[in-house]
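A short write-up of the structure that comes next.
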Amino acid sequence: PEFLAAFQARIDADEKIEPNDPMPAAYRKTLIRQIGQHAHSEIVGMLPEGNWITRAPTLRRKAALLAKVQDEGGHGLYLYSAAETLGVSRKQMTEELVSGRAKYSSIFNYPTQTWADIGAIGWLVDGAAIMNQVPLCRCSYGPYARAMIRVCKEESFHQRQGYEIMLKLAEGSPAQKEMAQDALNRWWWPSLMMFGPPDGASEHSDQSTRWKIKRFTNDELRQKFVDATVPQAQRLGLSLPDPALAWNEAEGRYDYGEIDWDEFWAVVKGHGPLNKARVAARKKAWEDGAWVREAALAHAKKRAARQSVAVAAE
Amino acid sequence: MPAAWVAALIGLADDHLILGHRLSEWCGHAPMLEEDLAMPNIALDLIGQARGLYTYAGDLEGAGRDEDALAFGRLERAYRNLLICELPNGDFAHTMLRQFYFASFMQLFWQETESSTDVTLEAIAAKAVKEAQYHRRHCAEWVIRLGDGTDESARRMAEAVTLLAPYTGEFFIADPEAGGAVEAGVLPDTKALQPAWQADIEQVFAAAKLVLPENVYAQKGGRSGLHTEAMGHLLAQLQFMQRSFPDMTW
Amino acid sequence: MPAAWVAALIGLADDHLILGHRLSEWCGHAPMLEEDLAMPNIALDLIGQARGLYTYAGDLEGAGRDEDALAFGRLERAYRNLLICELPNGDFAHTMLRQFYFASFMQLFWQETESSTDVTLEAIAAKAVKEAQYHRRHCAEWVIRLGDGTDESARRMAEAVTLLAPYTGEFFIADPEAGGAVEAGVLPDTKALQPAWQADIEQVFAAAKLVLPENVYAQKGGRSGLHTEAMGHLLAQLQFMQRSFPDMTW
Amino acid sequence: PEFLAAFQARIDADEKIEPNDPMPAAYRKTLIRQIGQHAHSEIVGMLPEGNWITRAPTLRRKAALLAKVQDEGGHGLYLYSAAETLGVSRKQMTEELVSGRAKYSSIFNYPTQTWADIGAIGWLVDGAAIMNQVPLCRCSYGPYARAMIRVCKEESFHQRQGYEIMLKLAEGSPAQKEMAQDALNRWWWPSLMMFGPPDGASEHSDQSTRWKIKRFTNDELRQKFVDATVPQAQRLGLSLPDPALAWNEAEGRYDYGEIDWDEFWAVVKGHGPLNKARVAARKKAWEDGAWVREAALAHAKKRAARQSVAVAAE
């Protein structure tokens, strides 16, 4: 209890907690869970966009998409490293992911059906991610906060890129505009769901807030996202698939319709369109790659052994 | 540089596009996260090189074809890439060995091209040579690691050697469309690069404890648009958007 | 039959085209020569059924779209097939179970359609019902053989059940585009077919010593053009020629 | 020697040899080799055409191609059955094929690059096959002769279908006509090679002729094929890729240029564009299917055991 109070005092003083600092077990556990989920989301997030790398419409778009998906892998790497500072290995986390036990952002369980989905993901999904992540740049845990600073910078580049894809489509032929509208229709609601269940139904929030792991509630972040995104959609000349959406002059914000929480919980529980396919794809990559990782290890050992023999002989 | 050599540039660009495309298929499916970063990175370099070459070829041709018209707008028989670039990825050993073969060749190719009498190619080469060096080193390390790793990795690497060796001879067959460009000092004489390439392979294979293949019958045809059956399926993906939505801006 | 139900016919035709396409991918790669004959045979029947349905839909629509315009000329979001039809083949257990699920359903569907108030559909059904019976029997035998074969085959069959069960619920969701056609006695009420289908599955699973899946969450979306990521890659192949060479006669 | 003379007398009298008839070991061996190669050719021949089933340009063409490839599988089945009457099992023959030891028609080691190749194969490759096979309908070995009668009927249907594909292309757009010409350019010489090495270089021929397994020499059949095919090409308005091709009025036949025998032998020795890929595809199908064949066998045994128990209990 004394320790907890002292720890809370450090947090309250906006001190950063570093890997070797003492910390409550629950703080560590919460962070491991959250950073792990975040890392998994980056890794699984490579799949829906990766699905269009071989079919991108121009070389410029192909290169940009390849770079973007690669960035996501990079984010996964920083985040796994941040989690490792808390005493959990990348291998452990990966095994949790491929066994289907670990969670990741549910949005990646939806399919990318058209090229416009690549635009919509960049614009909306990365946009929502930024809303979630910007406050994390001030998270109390140092390694996570620092990883987030780097991630956010790249995400906002991706978001602009996604918006620009949408813009080109919206300015394009009727077929392109229709593709853009259709993608927006399909990704809008899942994007709103990215902020998690409504505040009443969300676990962990209070303690996380006290520990400055979380700084805004789900509904606060969702509202910020809606307020930022509606004018962007208007600039594209696209309509949002929500008849209840309206400017609320009194509150200075957009009101929006009821989210389909049944769909949200179904996807969380593994029943989204591609949950099984996503985990299966990661599992296949992991299992098919086992011999490569073993060989790399075996080779490193052989090389080390040869070097020590060489050193001994000198 | 005379427009007569446009086809040679397109062939070179095709090598990079098609191999970059193949490599990009690994994205999100690599054996480890580090390779999920490294392989797209190499693919990006290759696609970047392809873009520079297509653009230059289109300019020289003067028929209004830009990089995308060239990359996406031709029929299979008009693609001129070396066959090794289009082969399916196979396993990681296969992919790394192919990339090593190609990068080792391209490193030498770009080194020579750095002193091309054509200033545009000289500039492309100056950037590409550094990239090819990095690709070669990265892939050579994997060839060694896997060749001298576990029994399984050594077996897979040896299989990759058997499957791929027949496709390396095509590196050194003079491109009929490059006739004169070699004499003019614009493009390197690939035949002359063979000894240095062979020496590089031998050195890496020795470190990897891999047996050099002997009496290999060289497959060829890519430069004449004679492709394997894998090519058509690759193009069905590559060209999907441009074919489904012709003449649009993206 | 009113043109309002054209979309429902197209959806039915899409089921047969897309599943036939998938099945045809096995051609030359089956586990035994007998199946290298049987699977294309089933695929041929499915494609034949698709042709009849597309042609009739095109006639009713009256917009000049023939079977090929409908089969090859739409964008992914306009294809209305059930998701189960587009799933990748997986192994032989997976392919046979999928085909059994579908054939068992279609046998019941065509039986009902034989007394359609629409004479064209009645005629299509009269032929198709016999084909579906043969498909169902052939595939049910394989489900039993593999379910009650070796440990490996039983394991693979059980895996196929786990993977495919979520996609069977969509058979029995009323097609919104068929509104009225059911009441008019033109098309069967698929919901009403569920008990007989379920009984068929139970009987075959009992013989196959397979465990019936429980509490399955039904995947849906095909009839609204919401497809899996496999669909785009399938279409890139399917449409390749028509997209690359538009408006030609073959 | 007495037996051999008696056997030859039966052959000379145009009697059919049947499975249970006594026959010289060399006759049996020759037939096993030839029928096996023929069966393998049908099976491997499914691959190049199968490559276009998923990309056929119309539903009618897709159905026809599917049916054609299926027919080839059927031919393989009759032929393996005919070979089995000589005491070699289908399993043995298949294992020879997938190990790369067995031969099959070299033409199937060339790739199908365009849709026109499907036309060219039907027209030229099936056309050449018919030239080879029609005389085999009168082969001295009964089961082979009877299989060939059925096969030839279907092959000639396929050949007409292939020609009709070419005709549609030749009458079509410039792109289609170019595709047809290109396919003819690529398939012409390999088709001429299908008749085997020139008469001087061919093994086995003399004895096979005496045994009425072979009734014409390679060069005779090749000449018949050229004479039949040149006018067909003319009707299509396509040119044959042979500058030496010319009507020889005196001999009443077409003269044609020198065949590239180096290429022929290279492909026979395994160095064709797709030899390795063809054998690998068959090997994969065979190995991937092993568990299916084992399960079918295991199930049949279980069922038989249950039936005998049931019978015993009666």
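For reference, chains read A, B, C and D in written order, and residue numbers begin at 1 within each chain.
In this section, a residue touches a chain if its C-beta (ideal position, glycine included) is under 8 Å from a C-beta of that chain, and two chains touch if they have at least 3 such contacts.
All values derive from a computational prediction rather than experimental measurement.
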Where subunit A and subunit B are represented by their mean Cα positions, the distance between them in whole Å: 34
Interchain centroid distance [CA atoms averaged], subunit B/subunit C, Å: 42
Can you work out the whole-Å distance between the CA centroids of subunit A and subunit D? 56
Among the residues of subunit C, which are close enough to touch at least two other chains? 75, 232, 236-237, 240
Could you tell me which residues belong to subunit D and also touch two or more other chains? 55, 175
Chain contact topology under the given definition, line, ring, star, complete or other? other
Going by the touch rule stated at the top, which chains touch which? A-B, A-C, B-C, B-D, C-D
For the complex, which residues does subunit C have touching subunit B? 75, 232-233, 236-237, 239-240, 243-244
Subunit C contact footprint on subunit D (complex, rising order): 43, 46-47, 50, 53-63, 66-67, 69-70, 73-74, 76-77, 80, 90, 115, 165, 168-169, 172-173, 175-176, 281, 284-285, 288-296, 298-300, 302
Complex interface listing, subunit A residues touching subunit C: 48, 51, 55, 111-114, 175, 182, 186, 266, 269, 271, 273-274, 276-277
Of all residues in subunit C, those that touch subunit D in their complex: 17, 21, 24-25, 27-34, 36-37, 40-41, 43-44, 47-48, 50-51, 54, 67-68, 71-72, 91-93, 144-146, 148-150, 152-153, 156, 237-238, 240-242, 245, 248-250
Along subunit B, where are the residues that touch subunit D in the complex? 75-77, 163, 166, 217, 219, 221, 226-229, 231-232, 236
